[in-house]
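Before anything else, here is the set of structures, which you'll find just below.
Shared chain: chain A. Partners: chain B in the first complex, chain C in the second.
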Partner chain A sequence: MIETNVDAMRPYKTLLRYAVMIFLAYIFAFPLLFMVMSSFKTENAMFADMYSLRAVLPVGDLMLDNYQNVFRKSNIELFFFNSVIITTLNVLLGLIVNSMAAFSMARLKWKGQEFVLIAIVSLLIVPFEAIAIPLLMLVAKLPWIAFEGGELVVQSSWLNTLHVQIIPGIANAFQIFLFYQFFRDIPKDFDEAAAIDGASPLRTFWSLIVPMSGPVFATATILAFLANWNNYLWPILTTQSESARPIMVGIQMFFSNNTDWGEIMAYSTLTTIPVFIVFIAFQKKFVASLAGTGIKG
Partner chain B sequence: MTLSTTQAQAAPIKKNYRGPMSRLQSRYGLLMIAPAVFFLLMFLVTPTLMAFYMSFTNQRLISPNPTEFVGLRNYDRALALSVIRLPAERDEQGNIQVDDDGNTEFPRLRTVTRKDEKYKGFRELYSWESDDTKTVLVAKDPIFYKSFYNTFRFAFMVVPLQVAMALGLALLINRQMKGVNFFRSVYFAPVVTSMVVVSIVWSFFFNKDMGLFNRYLEVFSFGLIEGPNWLGDPAYAMKSIVIMSAWQGAGVQMLIFLAGLQGISKDLYEAASIDGANGWHKFRFITLPGLRNTFVFVVIATTIAAFGLYTQVAVMTAGGPVDSTTTVMYHAVRKGQTEQDMGYGSTITVIYFAVILIIALLQKLYFERKGD
Partner chain C sequence: MNVNTPMKTLVAALLLANSSLALAAPTEVTMWRHETGDAEMQASEAAVNRFNASQDRWEILVEKLPEGSYTESITAAALANTLPCVFDMDQPTVPNFAWSGYLRPISDYLSQDFLDGLNTGAKGQYKGQVYSVGQFDVALTLFTRKSILERFDIRYPTLEAPWTKDELMAAIKKIKASGEFAYPFDVNTNWTGEWSSYGYGPLLQSFGADLIDRDNYLEAEGTLNGDAAVQWGEWFQSLFEQEFADRKPADDKRFQNGKIAIHYTGSWSAKDYTDAFGDDLAILPPPDLGHGPVVGGGSWQWGISSSCKHPEGAAEFVQFLMSDEEVAEMSEKTSLIPTSSGGAALTEQYSEGGEWRIFYEFSEQYTVMRPETPAYPVISSAFDKAAQDIIDGVDPQDALDNAVDTIELNIEDNGGYGF
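For the complex of A and B:
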């Protein structure tokens, strides 16, 4: 009896639900759509369109002047390139180091591994903010050997370099834990068969486990990509010069030195494009990654 | 960790691999974990230990002078609190002096802090007046206390707001309906956008004269309401950051709640329907208890994230106006990096870390006790 009652309510309820969903979608999408659309408009058009749906639609006299001005006023190509290098290398090296460590703990036996596992899990509670300042002190004093003008030069500090933004973040306790959970659940028969065929553990890892672990590598890549591309606190602490500046610091500086909102929106759009492309392309994967990692805390 | 490799005893691989502690596994195991352990020791454990060490020194980022041990001086500088009572100024007859506006006149705080060695270096944190005394709460670093107050204020506002928004969104789209995946992605889109970009775009919305919010207020109230100076008024600045942060971050918790909702058995709802339970009852007695663990996790994780508040403040307000948005992280960075005072910056960091651990622990205990 109750079932039919619910069914009778359904059309009206469904409609209401959609109405709320659309209204909220407008609120969540508005700032981002507004940013993209305004970047193609004059400041006057942007203000004039603000009060209607035109604010989030590509209508009126669209132009690229804002983008041209951004490229003229800021060294954005360099900052963008820096961010690409930093993100790519950090994500790649991180995947290798962290997945190997997880494999070692999940599928190999050695003395002391329980202790190492507990130590790594307990490192999960240290938020980056709590070590940012002392880490800055540390990298300010670390030496580095660079190749400059055909000869090796010893630099006395890591500040204002690309590697200071790549290396400290390579090992990540959370990522190790993520890989560990996945590797642990793969049946052991696989490695045993490989071992009988004479494969070393490293070989087993590389040609057997890694190809089987697509989902966890995808999750780790997405999380690491987002964290790297959007990173702000660490680069603002370690880079003053333009040469190693990533795009997030670039846009923040552009924002504080310019007043033209059209140009600021253009810069914001350029900064966000890579993330949006990846997000739209891998939407489902994104959602699964972030939802799945949450509950394990 | 050491690698013991006695080549002479190396046996065929097959035999070795099956042993419980085979040398091959042990050798590769250590080899494969070594890079991660090295990097974690170097860039996570070392800085954590350095923070403690440096908090007892006058370490500077770059300095020609050698670093010295200063004992607890940094902690004293951060934590020292005192109360000073200022009696009202009286004339020769002993009557309380009143200024032109009718306010009681009190001696200036500085006359006391300069004169009395005990109060050297103290500055006003907060004060209140009674008829004949002004009581001043003084601290050696008033901004330190203010930054903790602001951080707590932010967390107290943003955590309930963001968690409620996320739960609402999750309940809204937890249906087998057409287009649900699309809406989920839209609500999630701000999460992938960088906080720097979000802060910049919202700075435009919050702008006093040209900003979207105030223009809307003006137009829709037919010019009756004059919008506040969102980011420029101490009464509104932190609230503005709260609204924006909740909007940006709710998508993550929404996904976690969605996963939690999917873990609740459909049978429970059906059984409740048969018993005649209405929607509210189902929500109160099935959904909420079913989400308990998810809820605890979300609240603790959101609180810890809220305590790290830095980017929004750095981009939108630079800690102002009048330090109303200076957070602990912002203060630590200003001391440690901008002013290069590593010793004091580390001290703030250590206290910050301790406070976070205590809060996470208290929340866990609270939820566990409530669960019994």
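For the complex of A and C:
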């Protein structure tokens, strides 16, 4: 009799569980849905729908005018291109440099290894804001060789360039520590087997460690992508001319001279699309990496 | 032939030198401005083009930067020694930039007579020296609808006789009692940051208090937390306790949507509200809460950097911008309040009898500049915190005492900011 009651309660429990999950999903998805749906509405329709479920539904007179105006009023193509270049190079170079640095500390033996590791880990507690000004003063005086008008020229500063937004961010203490933790837990037997087969440390890294470290590379990619794509402070400090500005500065510029919220939502939606793509592409491995980290803890 | 050769050579050299002077490219003067609405951006670009076309000695090169982080960009450029020659800045930041050494006194390049011809709100000063000048200003005001005043039999206040505190409160109570408006009054409580000192500061001053003791710019004790200030705090808090105003309004279109009856805000809303209500719109002076109506002064202004290599070119450009014709042109294109009587006279809206002349009068008669001290950013944020706390129900005396402590500690930490 009791078992029958439990069975009878099961659908209600499932229903309740789904209701809670839908409610939570709505809370988390609301800002995103609101942004995307509002980008297809007029400002008046957006405000009129704000107090009902219509705010997150594709209802009313939908249009693409907001997107057309974004492209007409702003230089979004340039900012978008700059952001793609900066982020892609930063992520790729960062993955290579940081993973190799972590490999050398986790899998190789060399003098001063522990000291370097401690120094890198201690850098984790230094916020970027604390080093932004000294770094700015440094890059303002660093020379650079550029190719302009068919000839090589020496520039006296890194300011107002794309490379000033790429190079200082490549080496990243957090990424090194992330890779270090992962590499450390891979059994050393693999390295020994590879060494017996005559593999050099570099060969071991590329052919053995990297293929086994998909989750940590996915995690590092997502985190580095987000950090670079959303970077605002450093570009603001170092790019005073429009030609080198990334998308996050672009959206702030657009917001500065626009009061139409529909257009602002359209700009925001366009800005968010690459983040979505990267997250969806690496989602499975990202979750696997997080789950793995949890088990270790 | 031989005798003439040196002479010919000399003449040729002189001609060549002369022609090269005549053909010399104008000297480039770099300029930064913040990114803002289309109307102002286009008006600004047109002014630069007119200046560049009006003479051949200087060429202004413009760079536009996002407003949200403009001050950070200026600071970063100053540290990297890449400040432009001339740049615009929000007037409250001028004393801090001057104290930090980013600016040179503009009064060294513009005559005193010229500066005297500008309204108070047109000048950014630090320790009595003018460091910046601006073409336009904005003013605080009360918006309502004539039909509301008539329906509730409320006196229409004028420049000569603005509402007293009692009249304002009586009007709000009467409208509230009708049940037609859940919140009859609105003071933009959904805005934080600079709005508190710009919007609520004048209300505090109208009570007879101030954000800092302007005799020394070192102390806030007794000024920001004295009896008058606490009375302001209690009055301000009562607006929310009695539900005359909403603590957390959802959007900025409440007045246009008919959800509030009286809106205390800035002249920048006049165009939208005129479009919404036409002749029914009533533009009223800010209330006299005991010590006369007050509006904040100073908007975006132009200054010359201390690192500028061609300050005379920059000054020539700034003087050009501040001519009556250019001040009027900017006002015509943006609807902002011109900062000189000559400029106002050339506009349609702000000349005598113009639709928005009343804003010019507010600006000319009621302006009290926000404290012209490098400590202003701290004063502003501390007062904002106090105002938000008061709105949320914190005892006004406690909230203002905390603000005083924060301000005075900061001033002390910075050696008095030069005062």
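Remarks
The criterion applied here is as follows: the second predicted complex is superposed on the first by the 248 of 297 C-alpha atoms of A that agree within 3 Å, B and C clash if a C-alpha of one lies under 4 Å from a C-alpha of the other, contacts with A are read in each partner's own complex, and residues count from 1 in each chain.
Quick note on the criterion: contacts are C-beta pairs under 8 Å (C-beta built on N, C-alpha and C of every residue); 3 or more make two chains touch, one makes a residue touch a chain.
What you see is a predicted model; the values in this text were computed from it and never measured.
Using the contact criterion defined above for the overlaid structures, shared-chain residue A:47 touches chain B and also reaches chain C. When the two structures are aligned on the shared chain, A:253 is found in touch with chain C, with no touch to chain B. Shared-chain residue A:29: touches chain B; no touch with chain C. In the superposition on chain A, A:241 makes contact with chain C only, not with chain B. Of the two partner chains, both chain B and chain C are touched by A:133.
A count of residues in chain A touched by chain B and by chain C gives the higher number to B.
Of the two partner chains, neither chain B nor chain C is touched by A:70.
Of the two partner chains placed around the shared chain by superposition, chain B is the only one that A:226 touches, whereas chain C remains out of contact.
On chain A, the surface patch touched by chain B in one complex and by chain C in the other comprises residues 47, 50-51, 133, 136-137, 140, 232-233, 236-237, 252, 255. Chain C makes touch with chain A in their complex at residues 32, 34-38, 41, 63-69, 72-73, 76-77, 79-82, 250-251, 253.
Note for the complex: chain B touches chain A at residues 1, 13-14, 17-18, 20-22, 24-26, 28-33, 35-40, 42-48, 50-51, 54, 59, 61-62, 169, 172-173, 175, 177, 179, 181, 183-198, 200-205, 210, 212, 215-216, 219, 247, 251-253, 255-256, 258-260, 273-274, 276, 293-294, 297-298, 300-301, 304, 307-308, 310-311, 314-315, 329, 332-333, 336-337, 342, 345-346, 348-349, 352-353, 356-357, 360.
Contacts from chain A toward chain B in the complex involve residues 2-3, 6, 14, 17-18, 20-21, 24-25, 27-29, 31-32, 34-35, 47, 50-51, 97-98, 100-101, 103-105, 108-113, 116, 120, 123, 125-138, 140, 167-171, 173, 176, 192, 195-196, 198, 200-202, 205, 226, 229-230, 232-233, 236-237, 248, 251-252, 255, 261, 264-265, 268, 271-272, 275-276, 279, 283-284, 286-287, 290-292, 294-295, 297. The residues of chain A lying in touch with chain C in their complex are 47, 50-51, 73, 133, 136-137, 140, 157, 159, 232-233, 236-238, 240-242, 249, 252-253, 255-259.
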